[in-house]
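Worksheet: one structure, shown below.
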């Protein structure tokens, strides 16, 4: 029992806490949320109304075009001109070409196999199924069987590179571009960060001009000028030239990102490494680079996304990548007038891929912060 | 039985200047009931210390007093003015109430002097020269007049908090609120800030402090309030509070921190 | 940074230089041989050759009888024009998007977020193709033009706007405008001094806006309205007269601006959010009004973050303007590419491209650095 005495020796009263009461109805639930987020004040209420009007005018028409009135299957007669909805039959019809370009139909199993390997490795990366180092090694190894499958040799029929196209080409250009431009960028960044004035000047002289000009000029340079630099009569095909151009372009940007990471490393790290006897290359590989790269993971992923989007420019130098095939398909005389469907589909695929990459980058950042 | 032992709800007498009254105040964050039936009267010139475990709603309580948070039920009367959703009064009330934060919250892009003159110039429309004079006076009061031209980043934590206190004083507030002012400080700097607070208390400013510094509470507080899980559990003079806590909760808390 | 031993350093650098020089020499030899073998001329002599190229959409008058050099110049002017307009427009829209992103209105913030997340994750070229190929070509023909405002006609040949015809005395209106701008600067400085002395705030912002609008307006009316308009009129199948913005130009501008605004919006958002919320609490606790909190506390600190990031976006916009070649707008790359197609003098043209783009980007960076150093807060 409790007592009401006030001398030190007595028992304290047992405190009975008040139970939680429910919040007033106007502040919680749907009504509360609406009042706090959409209608708090006359200005916000006005904005909300304008936004709702805007949505009303755009969303239902889009959905009736894209879903309800759309035609999903059929041949080239399925979508007569004057039809209201989208003609997704066109996209399904052209699907193979959009994915692999003009690759011969009887050899389709090869890009499909390559694609499955790619998707598998992407899933392993995204869901952190394996240790990061092993994943990186696998990515570096993937291009070799991938190229073999798509190109040919060793018993497989060789498919000319002018037939390669579609999403396969975009992903191929981007993957090889990233895998080669990252190490090159690291070398350039190390060179710029070093104390050898000549090498530093050289690296700056490579990085800054490349970063100051559009990718198109680099692609033109690769496509049109490179044949002039080679010995007379020697030729390399357009795809290789373009790939080299992409690699060159991306290396300069990767170099800048890595440089930011290098500059974030405390000086004490170098002293510590010297004091345990590591030479320059060992220090760089074991101490400096891991820290620098981890610092700039989000920016690196951002560069990868930008590179993938930039591959769409190769249409200007004559390669038919994903966007190129989309545009070309829309000119097919049997399927005229469906540009909108083609571009919407193209945007959707790019969006999914780029968004996945950026989410992956964010998850990398989060798991790094948890270490 | 426990109802009888609770403090009865107080209806107040006429409001006096510099007085704060909370009557039946409830607050929710979404569905979370964070302040439960708070009844509190602070008289002019009093120094109140609020203590309690983390999550007990102490910070929320004082943030409701200068309307940085809004309560959903009950009345808060600040210097004779009831706090409602009226915007004009909010601004005027706030200018009479000074608040010192745990993380100092100085403006890093302004010098110390500019930090101090900011509110007088923009709220009270004081001419710059006069505002600077007042600012220097208060910097002297907190014993760091030589730092006037520096930036907050160049000062230690204890100095920054003293600047924060001086910044409030420049507005000549009737009431000073302190939200765990020393919790973010290194131990050797806590004393210099507490000394300033003790000086303020002896000068007669109405103060409400949320703090864990029980030494300060014992020396200077007129009343100590113990909060737990959103409710005021116990309210008493320091001597009674420390030597004769009435409730088991209070005893448990005191055992943990003393 | 770890230094090699001095001898090793010297040796390594010498080796690298030697390697570069030999490589350069090799490339030079090869290039000479190739140019000869393919019968390609060298040098910029082609600049005075008659072009024979049809180019629409030029800022200065042009006929196919003009030289390659003149055509290339016009292309360059177009690039500068698009870059300039693009930067200004993208900034305005980008600031709106950024502020919307941090709005307390959930719907507005969400819409802005969707806008940014969509535009940042698709290629700019796709946006250009879509705008040009789908949006602008689905506009009606000239006879059924959309008329958003009286005198403006929107159809699949372009956007036709009335051309202003300036008459005698309009110069004074421009002068009045300039005077008003200078005046508002002076008033704003004077208001600051007044506030320092007496504490009273004069709304110099509103006065400035009133002056900049009112003074030219009054002058205009007083001088008897020295401005008439040449409205485009339908003659036969097409419109004649007025100012016309061709679909190529419109598509390029729309795509560039909407795309870059998404990135600028993100910069503005992260700049505003970089300001610690505690400072805003502190300012509120003094009773400082929301406008002052924004102008004197949030903005100065946010700009420190926003300006360097936005410099990158501006140079990107300048470089992205080169995508004009894909939709047929005659910018520098477009015209240059056509010239290469005709006379194969790729080295000269590409060299010119690189020089011009580097110059533009250096210029933009220099201006932004100047702005940055003037608004940057003193780092202690």
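Letters are used for the chains, namely A, B and C, taken in the order the chains are written, and counting of residues starts over at 1 for each.
As a convention for this text, a contact is a pair of C-beta atoms (placed from the backbone, for glycine too) under 8 Å apart; a residue touches a chain by one contact, two chains touch by 3 or more.
Since the model is a prediction, treat every value here as computed from it, not as a measurement.
Is the way these chains touch best called a line, a ring, a star, complete, or other?
complete
Report which of A-C and B-C is connected by more C-beta pairs in contact.
Between the two chain pairs, A-C has more contacting C-beta pairs.
Taking the mean of the CA coordinates per chain, how far is chain B from chain C in Å?
51
Approximately how many whole Å separate the CA-defined centres of chain A and chain C?
Chain centres of chain A and chain C, defined by C-alpha means, are spaced 26 Å apart.
Please list all residues of chain C that touch 2 or more other chains.
Residues of chain C never touch two or more of the other chains.
Considering only the defined contacts, which chain A positions touch chain B in the complex?
So the residues of chain A in touch with chain B come to 1-2, 4, 6-8, 12-18, 20-24, 27-28, 32.
Per the contact definition, I'd like the list of chain B residues that touch chain A in the complex.
On the chain B side, the touching residues are 1-2, 5, 26, 28, 30-33, 36-37, 72-73, 228-231, 233, 240, 243-251.
Give every residue of chain C touching chain B within the complex, in rising order.
195-201, 276, 278-279, 281-289, 292, 296-297, 300-301, 377-378, 380
Could you list, by residue number, the parts of chain B that touch chain C in their complex?
For chain B paired with chain C, touching residues are 66, 68, 90-95, 97-99, 101, 103, 105-109, 118-119, 121-130, 150-151, 153-154, 164, 171.
For the complex, which residues does chain A have touching chain C?
The touching residues are 37-38, 40, 44, 47-48, 51-52, 54-55, 193-199, 202, 209, 212-217, 220-221, 224-225, 227-232, 270, 273-274, 279-280, 283, 305, 309-310, 312-313, 315-316, 323, 327, 330, 339-340, 343, 346-347, 350-351, 354-355, 358.
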